[in-house]
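Scroll down for the structure; my scribbles are underneath it.
Here the chain labels run A, B and C in written order, and each chain numbers its own residues starting at 1.
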Amino acid sequence: MGAATRRIDPPPFYGELFARERTRLPGHGRAALDRVREEAFTRFLGLGLPTQKAEAWKYSPITRLANREMALAEPTVPGLEEVSAWFGGGPATRRLIFVDGHLQPEFSHVGGLPAGVRVMGLARAIETIPEAVAEALAGCDPERAFSQLNAALTRSGAWIELADGVALEEPLQLLFLHRGGDSAVMTHPRIVIRLGRGARLHLLETHAGSGSGHCFVNLVGQAVLGDGAELLCDRLQLGGSGLSLLARGFLEMGAGARLRATTVALGSGFLRNEIELRLAGREGEAILSGLYMPRGEEHVDTLVRIHHEAENCHSDQFYKGVVEDRARAAFAGKIIVHRGAQKTNAYQANNNLLLSDRAEVNSKPELEIYADDVKCSHGATCGDLDPEALFYLRARGLAREVASSLLVYAFANEVIERMADARLQALTRRAMLERVPGGAALEAEGLL
Amino acid sequence: MKNMLRIEELRVTVEGKEILKGVTLEVGAGEVHAVMGPNGSGKSTLAYVLAGREGYEVTGGRVLFLGQDLLAMEPEERAAAGLFLAMQYPVEIPGVSNMYFLRQAMNAVRKARGEPEIAAGAFMKMLREKARLVGIRDELLKRDVNTGFSGGEKKRNEILQLAMLEPKLAVLDETDSGLDIDALKAVAEAVNSLRGPDRAFLVITHYQRLLEHIEPDHVHVMVDGRIRRSGGKELALELERHGYEQFAAAAA
Amino acid sequence: MSSTIETLKEHTSGEYKYGFMTAVEEETTPPGLDEEVIRRISARKEEPEWLTEWRLAAYRRWRAMAEPDWQKVTYPPIDYQAISYFAAPKQKERPKSLDDIDPEIRRTYEKLGIPIREQEILAGVAVDYVFDSVSVATTFKNKLAELGIVFCSISEAVRDHPELVREYLGSVVPQGDNFFAALNSAVFTDGSFVYVPKGVRCPMELSTYFRINAAGTGQFERTLIIADEGSYVSYLEGCTAPMRDENQLHAAVVELIALDDAEIKYSTVQNWYPGDREGKGGIYNFVTKRGICRGRRSKISWTQVETGSAITWKYPSCILQGDDSVGEFYSVALTNNFQQADTGTKMIHIGKRTRSRIVAKGIAAGRSDSTYRGLVRILRGATGARNHTQCDSLLIGDRCGAHTVPYIEVRNRSAEVEHEATTSKISEDQLFYCRSRGFPEEDAVALIVNGFCREVMEELPMEFAVEARKLLGISLEGSVG
């Protein structure tokens, strides 16, 4: 099992595509950015595509998807309802809206920002602050092939910057619509977030896609939270069978910074969420919650890595899955307590409901600990609905199916309740309910 | 009367905060001293410092136990020298059976004193006897040290250890709190049966209740890290009637 | 609970007390490995043709394989051509009776506390003594034979029970299973063989004591235990090695087979030389242990107390094939100084209503690293399967590491799998409590660690439990203060 089998060379179309498209990418001609893209692409070729022999991809057959010949997606224009169906927040919520990786200025609205806040599309950022963008792209995730591919090919995304002490009270939504087309396409959105000391941001990130055309989304988000900064993040992901969404978040948190992120990855042909988090300053706190509910032939997996690098930090992972039909789910969560990160408090839970004999759940809750004065624990479970609870509900008069649906709903809802935005939460709950067998009946019976 | 414990102007700081602000106290062999005082006045701190718990910085004064510099000794050396602390919050040690723990503790102390190990038979006999005295069920002896014990059972278990280890000076830190009246009586009886000319007690409490059953020779009132007043057993009654208010005012 | 802190103390004065060498004349093959060496080993052991070929096939596979590198241990590359693959005390042939054993070897085992004789101390335990590459003695053979139980060295089994060996050898751990198993298959020299016939409950513990003595050698023993229908056997394994500055390789393979209603209990107290305080020397312990519950209602239970070796790499596993079969894994892995342990288990649930239970306790002190790595896999047909896993790690000091890497793979709806893990440091409160009752600090640590491990220690047969408790104390020496 040498290192050789953990990667394969990317197929030649990547090289051809990069050669063809590079001159059309935003910022082309700016030497610093061109160099960053060149280097990233070379690194991507060197790193290659990960096979399932690579530990981080053990349960994720990504290569099959990434090996297909794809082109960069062309812009298309959706109808308003198609977009507005995914609106979170309230009337004053600002939104950046992306359709197949292209920013749609006609639907987007980020005006009237308070002083000290900068929100713009990535292409704008490349025009106005090219050095900063080049630097951000260059500095992130050098060992991960897909991040390098993203750096080489990204042409849209968001640049969000809050100065020290500034708060954006209304949520900011990044709304992605992945429509795909007849031929296979890919997009490489990049989100850059910079929160100054004590700054506060509430972000909504939604991914939706109905199409069955192959659409490969290679998203990379990077965030730096200054000391005492706070990031609230609610995420909903729900796509069709054609959507392959690979979403990577890389976060660095300063002293006393706080993160609360809830990711509801209901399903898609292929969905993978990665969060790599560095608690670099004392007393940082990260609460990560997640729900996944793949069904049919869907695949959803989650990879979380939390680095406790400073003393007195707290992290909590709370992930749940409901897996149906022939679907596959994987969870790999790792807590790494670095030497010297004393008084760490880290907790991790992964609970799964496996509702079909053809479905599959894989869980890998991992601890890597190099400091002694710590409290770390994890628990993982997999099983069917609790027969005791089922019996109890039935003894109270509920039909078996209704009782089952109710239990699944209750199980999943525990995560959804952690979303901070009421509208997105309601929307998510409705979408979740549609995935619960007999969920519609629950509403009809007035049980919710 | 032989002097057993002598605390002189003891000053102790915990995490940068001065808790004991010059405590002076003398306990002679055969005596029972009660230390009373409101919550947070430093009683447990005093008890822990005597037993040698970490995290307490002695910034002044000294403590002599049977003429030896107590503060220079390791906790186990203090135990071997005859000091015993019945803790306010006894610690649970899962996986270690109570009986086994007691036997090993006895032998450790005996060995340090140059005495031979106690034979298994003699140990069991003594254990049964003492367990009955403090009202500990056999079943609790087989369980792990303090694990899954109720508050009252933990306290009785402390007294059982006290009875088994036969120290020269026993410090009881709020052994009465959390006990119902029967348990209180049992504990008091056990303590009284252990009283003798060579053994002294330092009984920490903030109720007079316990002192109705264990009659002290001296009562000290501790407020804000200092002994504010000392007297005979009548002082406890006075405190019961008037509370600690008067001292609190004086301390301010 | 008969052991006392007292006996523990007695042992703590001498660090690794099994580190002596025995001056016997040994016959060793020159270092290096090729087909010729394998043929020579096979010829020296007068093996049948099929076994020679089997070894050669394994060797050819091994040459094409790479050392695994996923484990969380680091060590300089091993030069497999620098190892001598066969070492044996010079002796014309295996002694006919226990009285004919070389007195030096006899003294060795006496010093190790396991005298070669059939009385007193070890009454009730039959022992196979393996010295470097060969088995030198087996006690109580005749008594066992009366019940039809075969307990002998694997070399004897090849000669006397070829049909059994041929049927089962490599049936649980195939030749090409992994790098170290392939190496073992090519060069294994001796080890123990057990066959318990139908319906027989083995009346005594069977035990093998492994001793590496010669320098520059590796030890590659192979153990095969077959429990026929309705039988029961409890097997113990112990080991020691002299203190040497060089690292020595130990790559064993153990295969267990339990047929219908059979039960095998396999206990190990692993105390190979761990290296010195600076991390110099010590055994590299790369071991493949696997059992298959082939029969219905069969049961395999692994218990291990791992305190030795510079590197430990082992995952005693159960393949739960028979319906209603049961797999268990109880483990204590204690590392100190520069030791590294990457150990755990695999529970593969194939049959219906199969159950498994894992209790793993890791203790890391000094600058050591202790990793639990485990796999619980529930296959599609394993209706009603159950697993419960509990992994706890205890850290002593802030220079060590404790890691947990569980893999859980479930493909059956009705299965229930539960995994829990905790990591914490040794409690200051508990330490103080014990010390204020008179325990010196090291004893207090040993006491608390023993308590932490009790669930596992209780699974050990009595004779071993006492030994193991002492070992924990000794291995923790110097970890506090």
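Throughout what follows, a residue touches a chain if its C-beta (ideal position, glycine included) is under 8 Å from a C-beta of that chain, and two chains touch if they have at least 3 such contacts.
Being a predicted model, the structure only gives us computed values, none of them experimental.
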item: Chain whose Cα mean lies nearest the overall Cα mean; value: C
item: Chain whose mean Cα position lies farthest from subunit C; value: B
item: Which of A-C and B-C has more C-beta pairs touching across its chains; value: A-C
item: Rounded Å distance, subunit A centre to subunit B centre (Cα mean); value: 57
item: Gap in Å, rounded to a whole number, between the CA centres of subunit C and subunit A; value: 44
item: Intercentroid distance (Cα basis), subunit C paired with subunit B, Å; value: 48
item: Residue numbers on subunit C that touch subunit A, as the complex places them; value: 66, 68-70, 380, 393, 395-426
item: Complex contacts: residues of subunit B adjacent to subunit C; value: 51-54, 74-76, 78-80, 84-85, 87, 90-97, 100-101, 103-109, 111-112, 117, 144, 161, 165
item: Subunit C partner contacts - residues on subunit A that touch it in the complex; value: 1-3, 55, 339-340, 342, 352, 354-384
item: Residues of subunit C touching subunit B in the complex; value: 1, 4-6, 427-430, 432-441, 443-444, 447-448, 450-455
